[in-house]
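Chains here go by letter, A, B, C, D and E, matching the order in which they are written, and residues are numbered from 1 within each.
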Amino acid sequence: MDIVKDIKNLLAGMGITGKHLGRHAITIQYPEEKWTMPERSRGIVVLLSDKKTGELNCTGCELCMRACPTGAIMVHAPRDEKKKRHLKAFTIDFSLCCFCGLCEDACNFCALKMAPMYEFSTDDKESLTWDMKTLQEIGRDVDYVDTRKKKKPVKKTEAAKPAGKPADKSADKPPDKSAEPALPEAKPATEDEPTTDQPSGNETKEGEQ
Amino acid sequence: MGLIKKVPVYAERIPGGSLVLTTLETVLHQGQAKSLWYLLFGTACCAIELMCTGASRYDFDRLGMIFRASPRQADLIIAAGTITKKMAPRLRRLYDQMAEPRYVIAMGGCTIKGGPFYYDSYAVEKGIDHIVPVDIYIPGCPPRPESLLEGCIHLQEKIKKQKLLDWQEK
Amino acid sequence: MIWPVAFAELRPIFDWLYDMVSSTGLPEPWLSVVIYTGLGAMMFGVLAVLALYLVWWERKISAHIQQRFGPMRHGWHGWYQTIMDAIKLLQKEHVDVATRDKFVFFWAPVMCFVAAFLAYVTIPFGEGLIVADLNIGVLYIMAVTTFTIISLLMAGWGSNNKYALLGGMRSAAQVVSYEVPMVASILVVVVFAGSLSMVDIVRAQDGMFYNWFIFRLPFGPIAFLTYIVAATAEANRTPFDIPEAEQELVAGFNIEYSGMKFAMFFLAEFVNMFTVSAIAVTLFLGGWNGVFLPSWFWFLLKTFAVVLLLMLFRWTYPRLRVDQLMEFAWKFLVPLTFANLILGAWMKYAGWYW
Amino acid sequence: MPDLRTEEFVVNMGPHHPSTHGVCRLILTMDGEKVLKIVPVVGYLHRSLEKICENRTYPQCIPILDRFEYVTAMSCNYVFSLAAERLAEIEVPERAEYLRVIMLELNRIASHLIFYGVTAMDIGALTPFLYGLREREMIMDLFEMTCGQRLTFNYIRIGGVAKDIPAEFIPYCRKTVSVIREKLNDYEGLLNENPIWLVRNKNIGVLPPDVGIAYGVSGPSLRASGVDYDLRRDDPYSIYDRFDWKVATRSNGDCYDRYLVRLDEIKQSVRIIEQALDGLPEGPVKAKVSPNFKPPEGETYARVENSRGELGVYIQSDGTKKPYRVKTRGGSFNQLQVLPVIGTGGLIADLVAIFASLDIILPEVDR
Amino acid sequence: MTPDELKDAVAGKLGDKMSLLDTGRMVPMFEISAANLLTVAESLRDDAALKFDYFCNLGAVDKTERFEAVYSVASIVHKHRLDFKVILDHDHPEIDSVQEIWPAANWYEREMWELFGINIRNHHNLTRFLLPDDWDQGNPMRRDWDAPDFEKLPEL
């Protein structure tokens, strides 16, 4: 009986949609609750400052500018008589940037980082070119690990790190649940709906063992 | 539209008219801002993020935004993706087909200035502001869904701040 | 002044209103005109608000099927979202296409809107809550709902757009085809009730729920199912929404309409959905019959249940192709409903029914 | 009535149309609802990626080529890296190969989920679209925690991958694949046996195997016609030979089979990912590659199987740090070519179904 | 067939018309003259042992003094692949269409015609393909092409 089978299948489809009708939504209600971006998220490029002195880490080596595939980064760092570079200007045009992260990889001096920020819509096209000062201001509270070899003893960077905020990129350490940015905790997860669950700290530890 | 453009002119003449005008202004602009129906206009990568924003996790419908396939019924073009020189006249045409009041969001680097295709490309339009007036620029390549939502909320705030008298100049 | 309506439950309010109006000292014919106009306006207002809330409801239901929230930010769970939509649509520019047919283009949405509301004259919302208990109620409804096709066809033709034309033609073909099984399945009910009047049909289902026509085995359920299928097609909803099939015809017949004219089509679609559900309730599900609660509450409850069913259809099923749609109507539904009708009539004659 | 003829008319479907998946324009000559002739007009998304790559260094080409096929950008990353590695004869570390396979297969699932949703939407069902994207979000989470972006990854680099996976990747990945495996029941329950879905897809747009081969159709679209050809097995790359999986094929070559093949592929990908997660070795994730990567002179054409078929990159190197010529080839390019052959004669609704089932996306065509 | 076997098989069968190049990696790369293209292509497709029935890719390369058209073909049955290239004159580039042999080549040839200005003989549909309809700035994929709004990435 074809028709009986057809009706059965039609009802089965309705059953699936009807079943979902009773479930809790998985929506994150954006302005009120926000998705915690993973630490590696490539939001915008910021300039990092030294944690002690507050000065920019950038030495003006122009490596990021050479690495940029879109020509978004402009570094102006003329050399003086002693062949030493002085950083005069550093601008990033976010309308050209393709958020590939090559500049971050190219930088040897911990001078720039892609920070997990995304809310920067504007109604003025020109204001998307950010100069050194803006980039530095935004980069001030961005956490990072100092991997520069020379000058800085390792102890200092350890101490400079705020407690409970492992800004560890190596990912070998078990993630601290309180400050693990990769764990999206925006939604209260319900038990019956697996999609809504995000990995919790316990599971992470289980998986590692 | 024609009538509404004249309302402020007449309202100013009657006593207490400005009060009526402000109330009217608020109501009308609230209506515009809270029901932005967007045109399904996705060309490239950003279109996938536009789809994701409409999907369950981010849900455009929360902001009162639903998609319309016909430009006549849409209030907003989200130009999602690269606009090439071949596509540019079509974008203009779609914009012209839309009914006033209409808004444009430039989503992603490609629409703002050409993005990754600014240099060395012979086919990409370097910014859609040469073609249509843009209200909000959202950088990103592609922007995250939250960026897009933030841009839309930004646009809503912008609409609410409009004045009825501005319409006459448009 | 002769009341055309037996508004039993609202009688005190109407009496008070009547006193108010008559105290102004209007002469009799004008008094009637004012009262009728007022009634019409009231009906219109109620239905417009109802349609707006159906839109909101559909958005919420679809959202929850898809595990999202739907309108959330404007009021509690977005309760005034559709009102904002209406305000926006009111101020949208009316784009008049240069190549349109002026007359047809202008009147199509108006006609669609009016046709959608006309059916409510004979729908009993509750015990005595009916505008006019016509003795040809069913016939009237069948005649009036068919106006919608003409308006869609007008919209398709008047827009002078190929997609719109295809949409208009599709809708004409579709509605004409599905009218036949729809009428045939309704006729079963008419045969059993022995009357065309909507009130009489509801009265014939008095008592407990097993008296409803849907439970007249075996033809009751079949008639109900065929009616629901045909009604979904009549209301242009998925899986039969080919006139505005978004993926094929962009927006179908309403592609060139903007602003309030589009809103008229949009609201008419939802009013139509409510109409077909209300008819289904009246004919098959016992109308206002129910226990304990007021009659209009039962009626609305049942109607919203049917509306929910239609919404579930829409958000579950894919769309049929236009020729498959016709085949389904003519090769399957029409023979089935006619066989059902003959069976029903014969059983009624023989008295062999439960 | 042989004399009764209606006038033919021309409809422009696109470049902006809900069901052309982007910006394809089809000029349709129609007789009523029937499509008599299809002329695809492409180029609305021609962004001259190849020209841009000529003036970029090899590492810089990868983010540019991310935009070539953004739905499965991982395989774009991969195919370019593969070609460059073959040019310079670089050995990739073991762990990197495993990570690449995991990422490629996750991306294949993500792409097929988009296919599932978009096809259903083109046929008229909206809910499957959202269900498909819902599970895709979990995969996007995985990508974001690993490489930082949701769509344009720049993760697979020449000589390995950019970064090692974070610690929470493996448990979340296991959960994702198990959720997808479970949700496949929902997907199948919604559409597979649905009579409306069957009449809309069965025996529609039948692609005979010889036509498919002649027109260069590849991937799931070709396998649905019964041609057992999968580059993962037949032109081996990476480490697919270490896993136990099957090439999904069907025999009818209609829209329905093309749909089923893709659902089968999701199941196979889930199997591959689970095995790869089990066997993931420790070690470095990137071979030593100089920042000024300069392959020796030479040329190669590398091709991989992505979710739409054969994704190929031809690189000609002249020994400098910039490729002399990059030519890309996407599966959709050939699938759009075959659309007029199998789409003519059907109704416009069939055309939409065929277009969707071939899984054409336009950046692959226009580049 | 492994690449080495394939090399020998092709050289044995079509050695007089094809010459092996050493630039190809992983798969053998042959060079043929423009005059031999059609006969070689036909025998590549029809030979039972080779059976290159599947057309993968066709790309042109502008070497400033000459053009190269690089064909990649594969066999579904034997699961092997082969690349060959045709050298063309830079001033009057012209090549035979292979779309009778491999229909898939149709659009690749159109693209080559449009972007490089290589004329395709016996191609039935040489019309605007990827570029805008009103394009009048020549063949943009040539190395020496330039236009007023064409900006190169600043060289550092």
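We adopt the following convention: a residue touches a chain if its C-beta (ideal position, glycine included) is under 8 Å from a C-beta of that chain, and two chains touch if they have at least 3 such contacts.
These numbers come from a predicted model, not from an experiment.
Chemist: I need the common contact partners of subunit B and subunit C, sorted by label.
Modeler: A, D
Chemist: What is the chain whose Cα centre is as far as it gets from that of subunit E?
Modeler: It is C.
Chemist: Which chain is most central here if centres come from C-alpha coordinates alone?
Modeler: Here the chain at the core of the arrangement is D.
Chemist: Compare the CA centroid of subunit A with every other chain's and tell me the farthest one.
Modeler: C
Chemist: State, to the nearest whole Å, the distance from the C-alpha centre of subunit A to the C-alpha centre of subunit B.
Modeler: Roughly 28 Å separates the two chain centres.
Chemist: Distance-wise, how many Å sit between the C-alpha centres of subunit A and subunit E, to the nearest whole number?
Modeler: Each chain's C-alpha centroid was found; their separation is 43 Å.
Chemist: Could you please state the distance in Å, as a whole number, between where the Cα atoms of subunit D are centred and where those of subunit E are centred?
Modeler: Between these chains, centre-to-centre, one finds 24 Å.
Chemist: On a C-alpha centroid basis, what's the spacing between subunit C and subunit E, in Å?
Modeler: Centre separation, subunit C to subunit E: 63 Å.
Chemist: Identify all positions of subunit D at which a residue touches two or more other chains, and write them in rising order.
Modeler: 18, 43, 46, 48, 51, 54-56, 63-64, 67, 127, 130, 134, 152, 190-191, 194, 196
Chemist: Indicate the residues of subunit C shared as contacts by at least two other chains.
Modeler: Touching at least two other chains: 63, 65-69, 72, 246, 250, 315-317.
Chemist: Among the residues of subunit E, which ones contact at least 2 other chains?
Modeler: 130-132, 140, 152-154
Chemist: Along subunit A, where are the residues that touch subunit B in the complex?
Modeler: Per the stated touch rule, the residues are 25-31, 34-35, 43, 69-71, 93-99, 118-125, 128.
Chemist: Which of the residues in subunit B come into contact with subunit C in the complex?
Modeler: Per the stated touch rule, the residues are 1, 4, 27-28, 30-32, 34-35, 55-57, 59, 61-64, 66, 68-70, 72-73, 75, 97, 99-101.
Chemist: Can you check the complex and tell me which residues of subunit C touch subunit D?
Modeler: Subunit C residues touching subunit D: 62, 65-68, 162-163, 166, 170, 238-239, 241-242, 245-248, 250, 315-324.
Chemist: Quick one: which bits of subunit B touch subunit D in the complex? Just the residue numbers, please.
Modeler: Contact set of subunit B toward subunit D: 40-45, 47-49, 51-52, 55-57, 69, 81-82, 84, 86-87, 90, 94, 116-117, 119-124, 141-142, 144.
Chemist: Going by the contact rule at the top, pick out the subunit D residues touching subunit B in the complex.
Modeler: So the residues of subunit D in touch with subunit B come to 15-16, 18, 22-23, 43-48, 51-52, 54-56, 63-64, 67, 70-71, 114, 129-130, 133-134, 136-137, 140, 150-152, 362-363.
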